[in-house]
Structure formats: structure tokens, C-alpha cells
Amino acid sequence: MDNIIEINDVSVTYQKDSSVIHAISHLTLNIKRGSFVAILGRNGSGKSTLAKLLNASLLPDSGEIFVDGINTTNEERAFDIRSKVGMVFQNPDNQMVATIIEDDLAFGPENLGIPREEIRKRVDWALKTVGMYEHRMRATQKLSGGQKQRVAIAAVLAMSPEVLILDEATAMLDPRGRSEVMDTARKLNKEKNITVVLITHYMDEAVDVDEIVVLDSGCIATKGSPLEVFEQIDIIKNTGLEFPTATETSLKLRGLGYDIPVVLTDESLVEALCQLK
Amino acid sequence: MRDIAFGQYYPADSVIHKLDSRIKLILVVVYVVGVFLVNSFISYIPVALFLLSTILLSKVSLIKVMKSIKGILFIIMFTSLLNIFFNKVDNVLWSWGFLVITDGGLKIAAKLALRLLLLVAGTSMLTFTTTPMGITDGLESIMKPLKLIKVPVHDIAITMSITLRFIPILIEEIDKIIMAQKARGASFDTGGLVKRIKAYLPVLIPLFVSAFRRADELALAMDARCYNATQNRTKLKELKCKKRDLIALFITTIYLILVITIPMFFPIILDFFSK
Amino acid sequence: MSIKVTNLSFIYSPKTPFEKVALDNISFEIAEGETMGIIGSTGSGKSTLIQHLNGLIRTTKGNITVCDIDLTSKRPNLKKLRSLVGMLFQYPEYQLFADTVFKDVCFGPLNFGFSQKAAEEAAEEALRLVGLNFDDVRDRSPFELSGGEKRRVAIAGVLASKPKILVLDEPTAGLDPAGKREMLDLIRSLKGDSIKTVIMISHNMDEIAEYADRVLVMDNGKIIKDSHPRALFSDISMFKETGLKLPHSVNISTLLRARGFEIGTPLNINELLTNICDRMEGSK
């Protein structure tokens, strides 16, 4: 697998009350094409700054970022990058332009000057992919939170992106809405081979991803598979994260001398306990 | 506040929905001109007929149309009362102190109330049958000649569309903030005018802060979706005049002629039937 | 300081084609000292219910008595009621408005008739109570604080009026894991001295299982269950029907039960651990 995103020694700083703050500090990271990556970290750790860097909304003060081989500082290609890297934000209400769902989906492709017949095809395809096709003529306002975010994902899909960034897109949703969004993201990753970058505060959402990147004060505190990351007890605690319940239970049982593996999900914990019995 | 129906799209599969939004905009203007040209009760007949047939053709439920009127019922009643008491024309029907009701005043009030009703019901037919995007697309297309003198027609259109989208969201937000401040003991309905205006500061400031935050986030989201990527923006929905649009235009012309001429012909028609 | 609700119903836009029954003949009581959790899917009537508790929505059908104030009487003393029942809405940081944190927190007590001096004392106490450095934040604009700090200021703004009952609508929504933990610890620490009763709406079943000592489950405007969390989570059939999720500890114990491994119904990770260890004794 090649890298869809390459981040080389990137720093972003800003001024606050006469002191210089490093939002991102000498960060180097590659994201493989077609992978599902979760970015975790407390508020202010640089997650959203990183997201903005990936679609050229924000340019690094030093270092370089390549999206599908294009340098994000290349102003002429900024819109190429944005059509390759789609973003879904936290508040579903603040990212829709039109009142009617299909009109909202058309906004991106219209901006790119894509021919009408092609827009029609893309809009219909995107709505079907997220399971909102039968609602296409409804008002965005009447949808549930989960439905709104699925529409926002479809709006990104209509631009046929390579990467989907979910920037705390589940934070304002109820549990049902959250699983709707997560199921959609997983489906796009598996079936359409779209690279997903998931920024979240919910550890449950990160247990089955390909790679977790933990940010702290603009640096990578650790990264690896979910198991590799959640095994590092001190780092998880010091970066303000928490363990999935099953993981914490398995770690504590190991601490008490039980011979069970570190697990990530309720199901695997139950499996491990039954093996032990 | 939340159940104001005015300005909401009512999806249905009808001839009126399918009309070119530019034609619908023109029709509404003509209709409104018609309403203002009315000077006798008899001329309300073509206006009412025109409106009623539009409603029936559009498949929008009558209840929904009534609801759009409900929002301005208070204004209508208020202006009617003013008109009843301040117009002292012809015969006095009733008087009590300085309050006088004349039959002329009643007539004027009734005409004005009818005019307002027909105006609101008619214009809301546009928003019921046309998506906000359709309306803004139509306006953009009609205003196209202005592009020549460097008016940013597209930006104006998209701004309008966004405004329409955020009105219900902000109304809901106002409701929430009012509740939160009431829970902190704020009261909005006591004291003099200055005190009341001051009482609304704890609502207005959070509202503005939130509106700016929303605007910020929306701008970021629009940029992320390549807003302004090209001068040659395309459109999902093409505006095309079809036969039905011409028929609609033709019918509307007849409507306007009727509104103007009916008061002249009415005596003749009456004459004809009484013979 | 108890709450008694009998046969409460509420309909939005009544007698129109758009009427929606938000509350359907609800009755329950909350005694002083309880921590009550309210759960249910979005649109089940939770928010409408709590808005009744301090008269933000006027009762039209049924009876509510809160702290001996009868809300169905003709002119209930709403000021007194609202000072007794502190209400924290979702994302309460969006209600901040004053140019300094201190003034914002004083807003409530001043509205409720505290003298300037008493209000300032109450505001200072409240800001310290929520764990903010008073001297550091008092003259800062609430809008330049971090998200977590803003929420603390908003809570202080409610606490400053010295309520006896605290009602919270999803107090942890949108916070990061550490922020969530701190918020829940704060709520737990608040209960006792002046705040006697806590009512909390949450979508997070782990929070409810851990913190509530009684749970109301709402569905379509009705209360479909009113019980202790352990009793509630022991009967999982309801969760399948309403689409609510089980807390992780309960989910694990349920999965274990299906494999013939009984560990009861643990409500938090410590109980889960203890129960597993008790059961595993000897198999180390």
C-alpha cells in the first residue's frame, strides 16, 4: 500500500497573549491509502489543527504535507486537494448550505464545475451509498442528527474523494446517530476503499481501526494498532484518554495475576474469560 | 415561534412545483401587482380565484396555507382595528365616546385585511412550491444581466439561500437561550421599555456569539467543499422554460387584465343579467 | 425538597394537524436526596419533562408539586421555584453573555433578589466550588476560556443561586474523556451540603449505571420503567425494544451469562472486576 498522505516534520504555531503556542510541533506521519486511522487526544492536543492541514485549509509554518503526491502549499492545486480530502465537522447544522438534501449534495460538484448529468449521477450514487436516497427531496432541518451527518458524508462523497476526515463528527450525536455514522464510515472504507481519518473522543469507536495516532501538545505521543496503543497504560493516562471498559478490565485482571490477554471489545473479554475458566 | 409555516417548502408532485422558478417569481410579482390594483370588492374575485386554483393545482394542503396566514393574523387584526376606528367615512353605525365606527371605515378595513391575507397566502405559495435553492437560482438567473456591471450575483444568491436555511435554526436557538436565562431568574415581561430591552441583552449576546461561530464553521465547511474553485460553476438543476411555463404566463396575463377591467365591466354584466 | 408529578401530559401545538404528544400521562415522585437518571432515545420527552420542573413550560394537564410549590395553581411563585431548582441545559456554555466571568455568575443571584454583596459572595463560592481559580478567572471574558472552563462557569452561574435541586441535561456532551470524568466527579461532589437532589439526563448508559440511584426510562412520552439501575439492567429485554444500549459492564455480564458464567449485574468496572474475581477464585 502506498501513502495517500505524507506529513514531514510539520509545525504550526500561533500567538496567544505574547507567548508562542505550538499547535503542531515537528509532526511526521504517513497515512496509507485505504486505511482507517483514528486520531485521539484531549481537547487542544492539535487534532483539529491537523485536520485543517490535511485539506489545505491551513498551511504549515514549517515542514511539508503531501496529499496524493500534491504539496498542500501549492496554491494552484488547493481545490484538487480539497476534492480529494473531504471533511465532515462536528455540528451538522453548520456545514449544510442548502435547505433541500439533494441541493446540498450538489454544492461541492457545482463548485468544481462538473457537468450536470455527472452531478446528477454522483448525487444519486452518494445518497444511495449512505442510505438517504429516499429522503433526497426532504428539508435538511427535519432530519435526526445521525441522518444529517450521513447527508454531510454524502455531500463529501459527491466530490469523489480519496480521504474522508471525520472531525469529531459523532460528538453531538446520540448513540443511535453515532452508530449510523460509524457504520457508514466503515462501509465506505471497506467497500469503496476510501481512506478514513477519524478524530474522536469515543474510545469505543477506535477499537477496530487499522491504526491509532495519539496526539498530545501537538506531538505524536504514540501510534500503532489499537492493541499496541491501549497496552501503553501510562501514555493513555497521561494524554487524558481512557481505556475501553473491556481493555481496562483485562489490564486490571492481568495486574491481579490472571493469565488473560489484553482485549479491546466486550466480546473478546468474554471469550478470554471463558478460555480461562 | 417554531410552528410558523411561512417560507417552508412543501414537497409535492404538481404542475406548480414543476414551473420554472423564474416564471414563478414573475407570476408572484404580477399577482402582487394585481392585489395592489384592486380597488373594489368585485375585483377580489379574480384574485381569489387565481389564488385558489393555484393552491388546488399545487396540491399544497389548505391547512398548511391557513397556517402561513396564522403567523400574521395578529398584524391583520391590529391594522383592521386601527382602520375601523380611524376612518370616519359615510354613515355612523356605532359610537362610544371618541370611538366611532362608520360603514365606510368597515369597508376600508375589510379591503385591507383581504389584501394582506391574499398577499401573504399568495407569496407563501411561491415558497411552498419552490425550494429555497430554486428561488435563489431563479433570482440569480433573472439578475444575470447585473453581472455585466460587476454585481456578484452568485454570492448574493448563495447568501440568500444560507439566510433562509439558518432562520429556523436561529429561531430554535433563541428559544433555547431564553429558557436558559429564564431558569437563571431572568424575566422578559416586566418593567418599562428600557428595562425590557436591557433584559434581552443576555439573549442577544449569546445569540450573536453563536451566529458568528456558526458563520465561521460554515465558511470553513464551504471552503472544504471547494467554494469559489472555478468561475464556471455548473448547476444540478437547469432552468428551462417549457410549454407549461408559457401557459402559466398566459393565464397570469389574463388574470391581470381581469383584475383591471372587471370593475368597468361589472355594471354591464349586472345590466345584462337583470334584463 | 421533593418532587411529585401526577398524570402530567403535554402536547405541542394542540388542536392543530401538527399536534405532537410530548408527555403522555406521566406520574412519579422524587424524594429528597435521590440522584435520578432519566434515559430514553432522542424525542422521547426527556427535555420536555425537565422543562416542566421549574415552570419553563406551563403545566396544562396534570399536577406538579416541586418543593411544596404547586405548579398548577393560578400564579405559582416561579421566581422562588427557579431559585430552588437549578437547571443546566445542554451545552450550557452557549448561555454565557457578560463581559466578565464574575458578572455572568452574579446574574442568577441578582435576578433572584440577592443583595449585590450576597450575590458576589455566592458567585465567588460557586466559582471555587466548580474548581476554577477564582482570582485568575474573575475578570476574564467568558468567551476566551477553553470549552471545559466555559462549562464550569455556566455551572457556577446556576450554583450561585444556591438551588436545592440540580437538573442537568447531558452535562458531559461534547467533552473529552478527562473532561467527562471531571464533570461527573464534580456533580457527585456537589451533592450533599446544599444540593439535596440531582436529576440527570444522559445518553451514556455507563454514566447512568455508575452515578444514578434511580432511573426513569422514557419512550414516546411515557415512563416505561422506574427502578434502581441494577433492577433496570437485570432485565435486558427492554433495551432491545427501545434501541438503548447497555452499559459495558452489564453487556459483559450478559454475554458471560449466555456462556453459563454468572456474575450478577455489575454497574461499574470495579463491581465487574470484583464479581469476576469472586467467580474465578481458585482458577488463577
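Side notes on the structure shown:
Note that the chains take the letters A, B and C in the order they are written out, and that residue 1 is the start of every chain.
Here is the rule we use: a residue touches a chain if its C-beta (ideal position, glycine included) is under 8 Å from a C-beta of that chain, and two chains touch if they have at least 3 such contacts.
Here the structure is a predicted model, which is why all the values come from computation and not from measurement.
Common neighbours of subunit B and subunit C under the contact rule above are A.
Highest C-beta contact pair count among chain pairs: A-B. The chain with its Cα centre farthest from the Cα centre of subunit A is B. Mean C-alpha position of subunit A lies 42 Å from that of subunit B. Centroids of subunit A and subunit C (each the mean of its C-alpha atoms) stand 30 Å apart.
Taken residue by residue, subunit C touches two or more other chains at no position, since every residue touches fewer. Taken together, the subunit B residues at the contact with subunit A in this complex read 8-9, 11, 131-133, 158, 161-162, 164-165, 168-169, 213-214, 217-218, 220-230, 232-238.
Contact residues of subunit B toward subunit C in the complex are 3, 63, 67, 176-177, 179-187, 201-203, 205-206, 209-210. Partner subunit A is touched in their complex by these residues of subunit C: 41-42, 146-148, 173-179, 181, 203, 206, 243-245, 248-249, 251-252, 255-256, 259, 261, 269, 272-273, 276-277, 280, 283-284. Residue ranges of subunit A in contact with subunit B, taken from their complex: 52, 55, 57, 79, 82-83, 86-87, 89, 91, 93-100, 102-103, 106-116, 119-120, 123, 137-141, 155-156, 159. Interface residues of subunit A facing subunit C in the complex, by the touch rule stated above, are 42-44, 90, 144-145, 171-172, 174-177, 201, 203, 240-242, 244-246, 248-249, 252-253, 256-259, 266-267, 269-270, 273-274, 276-277.
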